[in-house]
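These notes are about the structure you will find just below.
Going in written order, the chains are labelled A, B, C, D, E and F, and every chain counts its residues from 1.
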Amino acid sequence: MPDVIAFGEAMVRLATPHFQRIEQSRTFDVEIGGAELNTAVGLARLGRSAAWVSRLPDNPLGQLVANRVREAGVEPRVRFTDDGRCGLYFLESGASPRASSILYDRKDSSIARVQSGDFDWPTTFAGAKWFHVTGITPALSENAAAVTGEALRAAKAAGVRTSIDLNYRSKLWTREEAGRTMSELLRSCDLLLASEPDAEHLFGITGRDFAEVAARLIDTFGVTMVAGVRRSTPLVWRNTFGAIGFTGGKLFTTADYEVEIVDRLGAGDALAAGLIDGILAGDFQYGLDFGAAMGAIKHSIPGDLPWISRGEVEELLKGHGLRIRR
Amino acid sequence: MPDVIAFGEAMVRLATPHFQRIEQSRTFDVEIGGAELNTAVGLARLGRSAAWVSRLPDNPLGQLVANRVREAGVEPRVRFTDDGRCGLYFLESGASPRASSILYDRKDSSIARVQSGDFDWPTTFAGAKWFHVTGITPALSENAAAVTGEALRAAKAAGVRTSIDLNYRSKLWTREEAGRTMSELLRSCDLLLASEPDAEHLFGITGRDFAEVAARLIDTFGVTMVAGVRRSTPLVWRNTFGAIGFTGGKLFTTADYEVEIVDRLGAGDALAAGLIDGILAGDFQYGLDFGAAMGAIKHSIPGDLPWISRGEVEELLKGHGLRIRR
Amino acid sequence: MPDVIAFGEAMVRLATPHFQRIEQSRTFDVEIGGAELNTAVGLARLGRSAAWVSRLPDNPLGQLVANRVREAGVEPRVRFTDDGRCGLYFLESGASPRASSILYDRKDSSIARVQSGDFDWPTTFAGAKWFHVTGITPALSENAAAVTGEALRAAKAAGVRTSIDLNYRSKLWTREEAGRTMSELLRSCDLLLASEPDAEHLFGITGRDFAEVAARLIDTFGVTMVAGVRRSTPLVWRNTFGAIGFTGGKLFTTADYEVEIVDRLGAGDALAAGLIDGILAGDFQYGLDFGAAMGAIKHSIPGDLPWISRGEVEELLKGHGLRIRR
Amino acid sequence: MPDVIAFGEAMVRLATPHFQRIEQSRTFDVEIGGAELNTAVGLARLGRSAAWVSRLPDNPLGQLVANRVREAGVEPRVRFTDDGRCGLYFLESGASPRASSILYDRKDSSIARVQSGDFDWPTTFAGAKWFHVTGITPALSENAAAVTGEALRAAKAAGVRTSIDLNYRSKLWTREEAGRTMSELLRSCDLLLASEPDAEHLFGITGRDFAEVAARLIDTFGVTMVAGVRRSTPLVWRNTFGAIGFTGGKLFTTADYEVEIVDRLGAGDALAAGLIDGILAGDFQYGLDFGAAMGAIKHSIPGDLPWISRGEVEELLKGHGLRIRR
Amino acid sequence: MPDVIAFGEAMVRLATPHFQRIEQSRTFDVEIGGAELNTAVGLARLGRSAAWVSRLPDNPLGQLVANRVREAGVEPRVRFTDDGRCGLYFLESGASPRASSILYDRKDSSIARVQSGDFDWPTTFAGAKWFHVTGITPALSENAAAVTGEALRAAKAAGVRTSIDLNYRSKLWTREEAGRTMSELLRSCDLLLASEPDAEHLFGITGRDFAEVAARLIDTFGVTMVAGVRRSTPLVWRNTFGAIGFTGGKLFTTADYEVEIVDRLGAGDALAAGLIDGILAGDFQYGLDFGAAMGAIKHSIPGDLPWISRGEVEELLKGHGLRIRR
Amino acid sequence: MPDVIAFGEAMVRLATPHFQRIEQSRTFDVEIGGAELNTAVGLARLGRSAAWVSRLPDNPLGQLVANRVREAGVEPRVRFTDDGRCGLYFLESGASPRASSILYDRKDSSIARVQSGDFDWPTTFAGAKWFHVTGITPALSENAAAVTGEALRAAKAAGVRTSIDLNYRSKLWTREEAGRTMSELLRSCDLLLASEPDAEHLFGITGRDFAEVAARLIDTFGVTMVAGVRRSTPLVWRNTFGAIGFTGGKLFTTADYEVEIVDRLGAGDALAAGLIDGILAGDFQYGLDFGAAMGAIKHSIPGDLPWISRGEVEELLKGHGLRIRR
């Protein structure tokens, strides 16, 4: 009985080595990634049992994804099917003044063809404590949006707390579509992870600062907690990264970490993992601190997945310094 | 004004290194390949100017394909479009008793969405001497089949000789569909490359031997020349490879080469290149010999493309031996 | 509740690339391997739920092993400890006339320091159907031998069938030590995997042929089934591989496969997996055939682990041929 | 009929991976590079048809260079010869306080043995709009200097505008030799790319600032435009990069970009490409801005060649920011 | 007759590529390293003949170490033995806020099993000018500590000057053990390399500044020179590095270099090499400057070993700048 | 005082990975090789102290060669100079029916510019037992031929036995030039390694069989021993390899080994090493057997150098078989 359930797509990630452009590349590094999976892995790394629900093609690429999910400590609850393909994305890492960029090739993936009834949600949620999904899953297809709704409602019905990372992807749907669908889904959400721009673009919600925006999101959708990333991007290889949250009428912030960037992806997902872990432990501030530290460390690790241990996050929170550890 | 025009799809080829299964792989080698392109490259390597007509997505993967086509000496006459994706295939090389295998991910590619009118065939064929296509192109979609027909008819109208490699792909269409469509296309074909099993499965044409089958294909479709591969497969790393042909009522054969296999793909396409080159030079037997030698050498070269020079084929035909060349 | 339990050591395997000698190497490929684990992975690949019981250091190498065990589909039931280190082995692959060779660096590993009581065997075996161990585990230390004995007796007490692969390792113990300990352990064994030389060296049991040796092993130790590998080694890159078995007074044999060798390790362990699967399904002959085919395919796959699907073994048994599969 | 013609040497570039010293290296990455080619590639990337005139040995290294020239979108107008070798250079990338460094092995290259008459310049320039060469080509040999002069004069005779990048290389010739030869060549030059130190060392031309130096270069040699790089080098991995130009009595400057350096080579050549493109479009300031942005981006791309699209330069000029692009 | 003798352990260094965590790694880069060896290599690179005394297992890993020692220009005076193993360490390089870290696997190494009498120290030191050892060697085992003492006393008896780098390793022994043993060994030491924290933790020696601590170390142990690293660690990829020394009642300092870090290991050992070289040449200040520059450059070079030439250190001391060197 | 002295060129060897053509390659593997060096390394591997005399450019490539020579256990007696370059060769490994091939780029190397007086031969040979050179060294230049003659005469004058491997390279000189020069050099030769075709082409010496040719070589030139390789080349990856010798009027032969070929180069040089070692030990037959076994094993090792131990050759001579060695 896993404590945490996540639902979404994981893709095979094909990254060019050493800052090469895709056009000039002769090899790709093969990893997997997907926002919900990344968060589930983060929670598994912290010692929470976690399962990831998805749909994959019954071919070697689908198997590769499931293998790697297990490798990272998460139980794959995957429906292998003959319809649809395995989503892919191609990554080229940049250097100032060239930003990193992603080319998605995820259309027609097996998870986009998910059907109502493919998963037995009540059984899935029996004994679980948390359900996590993002705004990417419902953006994949109308079916995926419908199933996401079913899952969220089933979670709430089972007394499972839920989180949604808004994660608006403009390549997948319009702001209007996203706003309409996410408004509905947020009715079943406890913790909302969102940026101020997404709040404005999807829901027209603005404010003087994060606290005000968060308060309005809480008022509008009935979520109880809102959190977000605080990032500055002075250079491609150097950012600052921290977190900000709002719940119970109070604003919470964390340290901002100076990060040297090995891999730009999955930091927000790692933050979500740390935060959910803290909330499950009953301490929102600690969770936010933990998530910020975890997200900061994530930038140093190749791939989407947060290969981080609880111990090293704790040491960062204690301020262990940057000297080599022997 | 290229001498040779080919029309078809080229895919990005993602191969696991060193016999790894796709499931276990951490890097993929990135090459390109496509039956018609492979033949065009072979002809370019022999000094024939060659162009490849296709449709690719206007993104880094599409550009990668075009870059590599140029690298290999062929002029890409590509329509870059916003619809469709770049076809991909994943290759794992085997060892006895495990055969090599391919996982295609080519559905919904830009070339499958080709439209009548996308290419100005009369202009394309002006001054050309040969047009080459395979049974894969019409299998991609009904549109692709229709445009293949247009191209073949335009070629004949322009006095350009044509070749079709039957290349039946059961994943793409049924025998019936293939038989019906290819029967039509063969009306505009001079040189048919085909195996005996394909002749039987698509057209129900059988015979005691290759000569008889070829004679019936000539009778049935009005092609003038038929040729095919002669391969034995005792092991995955060791095959024999030769060619056989029939034209003007006569059977032509070549030496059978013992081949040590670095890369199994593209040998038949290299054979077609050598044969077409010989026919263009007016000597079917020499072309068949040349094609067989070129196809044999192709097994020793990584990737789909025949990185072979005319000189080294000629030396193989002279029997240069296998000692290291300094 | 896994169907199959295996107990033993898995090491980090550090292999030189492309036939390099260890002395000259600049990179090592990192895999994991261990005879019992390899068999458990084979069974998991065939759809049997499998767990692997072991002891590993609580450090990144220990975690790497556990991660990869999960990746391969087996549940790691690992006790992470602060004593002992992670066993390693260094592999260099050869070419005729240089044999492949292994340099072990496994002394003082965490599993060698296993203590009676480290594992709750009755709970482990509840609901299980099969327990597999090899003669390597008891060779690691006296403690390991004692715990192996406990495990085997607990398995029998729980009604779980057992297999032991004799696997004599002369670097770890003498023939006398091995003979004494293994004689004792075989009292709790149903299926014995053994070679004729090992039977002679450890137990002084000889015979005119495999059947006679097997019959005597059955008489002496009370096992019910005996099986072994049938291999010829004409070259380093080319062997033949088959299996032979004896049970119920009858001799069973399989086809001998011509194998091209990508990786020499784990073939016997894959054979064990196929055979156990067959026995669990109630068909010794089918299991032996299946195991031989699985072991043959294993030679084509890099690493110790059998990344093989049930489907492809079945197709080999049907004689699918060696042509590329599209 | 290409719009742009470049003339010079391209070498095979052998770079150590990951900051290794040449002495300790076990693999080299294989790219090609050459100042004139780099600029031609930049222009091709911006949509200008470009050809590169050179001389290469008729061997696999010479073919490799030609293949890659085509891959990058430039037409190689190469005379393959039996005399001379393929120029090589070995690159090791540094980190503060160790600068990157190059070991040239280009002596006796085929292009250094170029003969008057090897190229039919009038035909080459028919229909062309621009001819680009650098001070490296004439430095290769007396023959090369003579042929460079022929080419420049033929270009002017054909009404083709010309650019010379001064690019003084002290390993190839003395300041006096360079000063004498370049003074002569500049008589046929429209756009001069030069640094202040080179202007002083070769021609003894100094001034208070770039404008004054440029004005004197214009007065002395009759060129109409002068431009140069503006770079600061606080660290090996971090520079600032911009451009400065002078024409029609006016000084032009651009933004200075903070660059994180993946590859230090080819930035000035990319600048030249952007500037020439702008001049061809009739806008010196836009060309300078475009060139500066293009040169800045070049630092982020492995190899000498500017794998950059017009679109991304335009977006940098608009100030798109450094966040990951999805 | 080498000028310089070093005594200690060298390990095979297995580093994950590109910032990977050990847990996720699929290949390791294979180098060697050891504090005393690193310093000996530094001296050899500066033109001093150097030998390295150690004990290694008589297997391919031991041979690999000896091969690489020779490659780096140092004469291995190695006793190959059948007891003990080859020490290993695993390195993962970090990025802010994750520090780099090392996992040692050196227990039970051949050198830890060294016996009094294994080396003929009087012969070893005949004609030598300097002996270097660190606080790591005596920490390996009681035997190793005893032999270190023998060596130091033999060196002094032979009129050879000596240096000890304190290098306290808390994983190998306690502060008390280290304090006791090192106090004894320092009686035979001329040059002590030490940090202020180590002086305090091992000997309880503190002071207002480095000068005061050094003066007390000199008073207490009778060493004549003390030197140390001056490092700041604002980020993982960016440090400052300089040196500080004290002898003859005077404090010596050097420039602080801004370093971009490719490899964090061996900088202090390179500093020791430069300083010893300077002392041998009779100039402490020059040696300290040279050592600081050499240590700074070392950060830019992969592996433990300082692949640096005397010439490039001299140029850094002259302030050559960071532009690419052609 | 080394036992064995070799004199010749070593080149940096740049090999394409995995059977790639040079034209298509993106990385080269970097090794070193040279016939005389290869033999010296073989002798060092067998425990003979060996030095290699040569001339290299004083740049990182020259240093790389010297580093690797030391790594392989041979003392480099190298004159580093400012004139000339480092010889290079490019290797592409083939597969039937494509032979492996080498592209040399060694013209104008430092060793070709050797001057009489560059080496103090009497000092070099003091205490030595054997001097080895090949027909490649005198082919490099007239100077190199003259210095080779000096060296051979100095060796004989010092009572050092000598060997010459005829090794005719048609790219470097004509048969006539080679015949004339080698005839002269053979006057100072004890052991001649030669093939029957070379004996005919250079000296016009033929015979019914190897014995007759060898006897005539002995008669003509006064050498005392003649030996050669016995190789068949049925495939590129599979050869047979043995040796044949003649001395004292008697013919000596060895076993023929079936070899699977990882690297085709250096087998004859390894044979020479084994043979010289045997002759030094007073047993021509044992040396020939040893050399044949060593040469056979060499085919299994990447690079030119024979990373082989005496022990494993002895085991091959005993017939150890091809099973994996644990």
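Worth a mention:
Here is the rule we go by: a residue touches a chain if its C-beta (ideal position, glycine included) is under 8 Å from a C-beta of that chain, and two chains touch if they have at least 3 such contacts.
According to UniProt, the chain labels map to these proteins: A, B, C, D, E, F = Sugar kinase.
All figures in this text were calculated on a predicted structure; none of them were measured in a lab.
Touch-path distance (fewest steps) from subunit A to subunit C is 1.
Between subunit B and subunit F, the least number of touching-chain steps is 1.
Annotation: the subunit C:subunit E pair of sequence copies touches via predominantly the same residues, more than half of the used numbers being shared. If each chain is reduced to the centroid of its CA atoms, subunit A and subunit E end up 45 Å from each other. Residue positions 21, 23-24, 26, 67 of subunit B are each in touch with at least two other chains. The residues of subunit F lying in touch with subunit B in their complex are 18-21, 23-24, 94-102, 104, 169, 171, 233-237, 264-265.
Against subunit C, the residues of subunit F that register as touching in their complex are 17, 257-262, 293, 296-297, 299-303, 305, 307, 312, 316, 320-326. Contact residues of subunit D toward subunit F in the complex are 14, 21-30, 59-61, 63-64, 67, 85-86, 88, 90, 92, 103, 105, 107-108. Of all residues in subunit D, those touching subunit B in their complex are 67-68, 70-73.
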